[in-house]
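Chain naming follows the written order as A, B, C and D, and within any one chain the residues start at number 1.
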Amino acid sequence: MPRDYRRDFKFKQTGGSGKSFFHSVVLMSVRIGILTAGGDCPGLNAVIRAVVRRALVEDAQVFGVRNGWRGLIEDDIVPLTRSSVSGILPRGGTILGTSRTNPFDEASHLERIRLNWEKHELGALIVVGGDGTLRTARDMWREHKYPIVGVPKTIDNDVGGTDFTFGFDTAVSVVTDAIDRLHSTAESHHRVMVVEVMGRHTGWIAAYGGIAGGADVVLVPEHPFRLSRVCDFLRHRADQGNAFSIIVVAENARPVPEENFLSEENSREIYRQGRLGGIGMLVAREIERISGIETRFTQLGYVQRGGSPTAFDRVLATRFGIKAYDMVAASEWGHMAALHGRRVVSFPLDEAVREIKKLSEEIYHVAELFFG
Amino acid sequence: MPRDYRRDFKFKQTGGSGKSFFHSVVLMSVRIGILTAGGDCPGLNAVIRAVVRRALVEDAQVFGVRNGWRGLIEDDIVPLTRSSVSGILPRGGTILGTSRTNPFDEASHLERIRLNWEKHELGALIVVGGDGTLRTARDMWREHKYPIVGVPKTIDNDVGGTDFTFGFDTAVSVVTDAIDRLHSTAESHHRVMVVEVMGRHTGWIAAYGGIAGGADVVLVPEHPFRLSRVCDFLRHRADQGNAFSIIVVAENARPVPEENFLSEENSREIYRQGRLGGIGMLVAREIERISGIETRFTQLGYVQRGGSPTAFDRVLATRFGIKAYDMVAASEWGHMAALHGRRVVSFPLDEAVREIKKLSEEIYHVAELFFG
Amino acid sequence: MPRDYRRDFKFKQTGGSGKSFFHSVVLMSVRIGILTAGGDCPGLNAVIRAVVRRALVEDAQVFGVRNGWRGLIEDDIVPLTRSSVSGILPRGGTILGTSRTNPFDEASHLERIRLNWEKHELGALIVVGGDGTLRTARDMWREHKYPIVGVPKTIDNDVGGTDFTFGFDTAVSVVTDAIDRLHSTAESHHRVMVVEVMGRHTGWIAAYGGIAGGADVVLVPEHPFRLSRVCDFLRHRADQGNAFSIIVVAENARPVPEENFLSEENSREIYRQGRLGGIGMLVAREIERISGIETRFTQLGYVQRGGSPTAFDRVLATRFGIKAYDMVAASEWGHMAALHGRRVVSFPLDEAVREIKKLSEEIYHVAELFFG
Amino acid sequence: MPRDYRRDFKFKQTGGSGKSFFHSVVLMSVRIGILTAGGDCPGLNAVIRAVVRRALVEDAQVFGVRNGWRGLIEDDIVPLTRSSVSGILPRGGTILGTSRTNPFDEASHLERIRLNWEKHELGALIVVGGDGTLRTARDMWREHKYPIVGVPKTIDNDVGGTDFTFGFDTAVSVVTDAIDRLHSTAESHHRVMVVEVMGRHTGWIAAYGGIAGGADVVLVPEHPFRLSRVCDFLRHRADQGNAFSIIVVAENARPVPEENFLSEENSREIYRQGRLGGIGMLVAREIERISGIETRFTQLGYVQRGGSPTAFDRVLATRFGIKAYDMVAASEWGHMAALHGRRVVSFPLDEAVREIKKLSEEIYHVAELFFG
């Protein structure tokens, strides 16, 4: 039975710094690790900076674990100072690096994590990651007794238990800018533009980007679509003199097989291509073939994952970072920072990772409203 | 005693269009007016478009009242069609125009509004405005019995009863972009930059913009500041080798009078100048005088009020517009659309206008955290 | 033999308006047509506005010919006033619409153009278009004796006789922004990103965008590339610890067939797919297959053609519009506006359309410098 | 008499790398210094990166002199490697820092420069700076016999001998974005907006920004203006129903004294305030006082100097950096890189610094065209 590292968590209670608005326990002797894992997401650096700056107020020490869990396995751990985090707020990516390495992939991983944890005398770990990473964090806390708090992170906005994740607003902004540019040609050409956007399991980016950009059709994984309906709608618009239509397709949106409209062969190709990327290109070709309207394709790809976070995402990420520190100070292990309305709260990882958060029905219907 | 126009509100219930997610009553015979009043705010056009597009689904008719209440007084009312609102989603300003004319300014105003209301056979009015306009809307509904619903609008984010107003995120983004640019010179010069931002009564824009931009000091109206403390902090930073500091000042932030640090005369000048704009410039001069550090000034002014709304603001404004229509369909007079967490709800105007929404303590403390 | 409309060109010389810097002949009685033809290009509206505003100074009248040459064939011609062009400067697209209709496609076209020209008593025509349109304009002037001046327009920057065309800087900015976002993930992942950009016959956009974005490899139509060399370079970078590479591919860049590296079948597919769009996706797959490095794909597509023009493009388009008016005033038929260094000059269409302007060798070598 | 360091310049001619497009002499044994001096300017990092990357091709060594000439005086000189310049292309500021220290301020400066030059065995120096810095560079080369080449740098675009300097396009873009935002409120309010922009001695930024943003009035230092004329024009616009006017004022534009329109006292205050910044605010107050039209003020300040350079500026800066290296390889001392049309050439410093480059008459008249 593993040693319960959570019981090792000690702090030296002091008079505090007078910055008493936040959690008042002062962590002078605690060494806090932080790691970022999974795909890129604008705002990661803002979280890291906020944790370090918050800790500096209390003279606590923060250690950056490089490349996600791999840094704990391979002993790649560096102290983070004020100057480590200077100037990183507006930058995309993560100064700590990331990886998809999983502590449970190999038995030796856990053993090495244990050794490095003790070597560095870590007192707590802040794990910043998406659905999968948070599930791993939950298991490391629950089964292996590590004192861990989480910070949810994904451009897809599909982590449960929080209204929004940082990175999402940035991805939506990139999509919206692209649609704006496509729209500006609207008065000149009779043409359909298909824009493929990210969203592994959900249509959040597609729906928000589609609404913000004024797309005519939004296709999301939550609602398989009929190509025949899309083509009918486009022809209807063309008949009414709308020379231009914009379709936003989430990368995992899938058409319903239909006789005459989507051959068995094309359908299979769409599924196969979808895995390789480019579902939008296939949809564009089918629409052009079926409707006879000239159709063009844009795939934004990783452009949605990178670059400077929006103001919204920077503020959210900063608040999450400060909350994560305060959760450590309050020993709220197995919880993650979450946005509930205007407040940032502590939310149980167990509940958060139970299932991914699907696109809200209201947002879907707002997007649908403009589709016919 | 005025006739109760709210009792005139009738609708022809039909089978509906099958777009049954939203409020299902169909308003085939209702003529809905909409007006925008007060200062500019990115997202106004998105609201107008959403109301019109939502109404089109039910074959209801929307009429644009031009230049705020003035259009009702001067009979400047135009039908809004699909083509009226085509392409306006990404545009700043308002296609309806706005004014600060108030129905209660002159007795004749109310009489003329009554005549024009009847002439155009309006069945409901959607009023999009800030604190003052919503108060007027409440009075027109409560005292003069008009069937009115509201939509809150202000870049200042100070309307009560809603988590956020559209326009705010855009203003914050403009401030953040400006601070980012100022920061990029950080490694080269020893200098203080003062950025004056909007926010009539509250520090929302200053605090969010300051946090997102990584400002070192944020000064807000809710918390009068000591120039001596600011100067001490700047000298402390300079001593530590931080060659560069950024201060965000809300337009109505005010210094506490201090002996030696802010003369009676300078203090009076700051108050006087503040009314004319330019409090930031005065603060910049005082800081340079007191601390001896070279100080520069930026006043973004109306740049914060204009331009294309951010994706966040466009989605919020679109949802508010759809909600306003549904509130009309549900006869929820005297209410306004409001954001509560992830949901858009109906909220009583009486409560919303009771007092302005001050900067949240949590956000203030997050901003303060980076100040010393 | 056609009537020489150029001899009809008359003007009423007046005292002028004192705006004597530009060409001083005043065209009070002249009716000037303007049309935009070919693909979209940011800056078209800026040209139209400049022509109209310049003409207003002299009380000359400008008529907008809608949808390119088609408007002359179908008598779709509207007067352009100050209010027609108000607010259009920052907008993408063209308020006149465009088409690819060619006067020489059908014999009846020329006859109808002649009738409409006389009906509207046009005295001159300003044709804004790319290589093909300018060739048509040249033929209409030389063979059919119309008093025509041209304004070069293409995002591809491949029109001869001018240093730059407006639209190009905007397209390059879009590409650069996308690469910047991809770069921000550089510190975290070992991955190749392929960005496909526009440029029908030339590598101008690819090279400028690649240099500005700091791409590692730039592939252009002017220089067929070896996939083996690209893969070697990527592996070399990977061996040196450069975890991330960005490749910019112009839409018509083509690989040289190589044994083992690009099979006959794949090569054929690349050529075939290239016609349908998506050469970049094929290149990405081949690179992943050959080098074994994870590779991702972005296709910006028409996003490069739309949206608000950059400041550079707006100034250039405005200067071209003013120059076009002055060329009409000076009867410089068969010429187009052109940028030579800092000056806007009049340049013969005959020379301009002789051949497309290939990517300059200096720029290509600057781009190559960072490749290997 | 000073030793002629230019005669020390030696290189080891080798077979070269085959990158033979650029100057072919290979500088394997040469140590090249580079410094940036004067005010901030977007694109400085792009120059530094280009010099280092170009030198790497030939195995030459580049040394960064920190904080302008001060680094040579205080022996603050660091080797620049590939990793030193990784990721800096899109960043504002300069990784080398800058200062306004002048070698000729103190006699000891020159002596210490001599010692450090010899200590580091420098073979050449690339000086990146504006008008003043280039004059200093010229003197160090001509009088003190240092092998120096220059790269012109200023957002003001006022260095002679080159069509454009990098940084200018970025500053113009910032101004244009701000004006665009102000314009979006145009349809709603009757108001004058005054935007004060940079430009110490010239109106380049004001004129380009004004043209690109569609400003109604542009006031530049080259042409003192009459406030009465401006007010007449604004009232004329208001009478015609143009509810909104935008005025761009360069920081050193100055009004002509006029009886009744600009009192002696106000005129003195304008001159006095101008020195402290804020000429635009004074002009705004006078316009409001004289014309009675509500007037608002925006001062962009250092926002124009910072931030990521535009694509145009990055390409120009990169080409200048490569050219500077090639000028070293060709021993073209006392010259600077310059843009002449499409070509980057070598231009004598003597001629370049003879006088600042005033706003071109053509550009001024384009801006004036829209003023009345």
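What we mean here is this: a residue touches a chain if its C-beta (ideal position, glycine included) is under 8 Å from a C-beta of that chain, and two chains touch if they have at least 3 such contacts.
No experiment lies behind these values; they were computed from the predicted model shown.
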item: Intersection of contact partners for chain C and chain D; value: none
item: Length of the line joining the C-alpha centres of chain A and chain D, rounded to whole Å; value: 40
item: Whole-Å gap separating chain A and chain C, where each centre is the average of the chain's CA atoms; value: 38
item: Averaged-CA centre spacing for the pair chain B and chain A, given as whole angstrom; value: 29
item: Chain A residues counted as touching two or more neighbouring chains; value: 180, 183, 186, 308
item: Graph class of chain-chain contacts, one of line, ring, star, complete, other; value: ring
item: Full enumeration of touching chain pairs; value: A-B, A-C, B-D, C-D
item: Touching residues on chain C, where the partner in the complex is chain A; value: 40, 42, 91-95, 97-98, 174, 177-178, 180-189, 193, 276-278, 281, 285, 296-308
item: Chain A contact footprint on chain B (complex, rising order); value: 19, 21-22, 53-54, 57, 87, 89-90, 163, 169, 172-173, 175-176, 180, 183, 186, 208-209, 211-214, 308, 310-312, 314-315, 318-319, 322, 340-344, 360-362, 365-366, 368-370
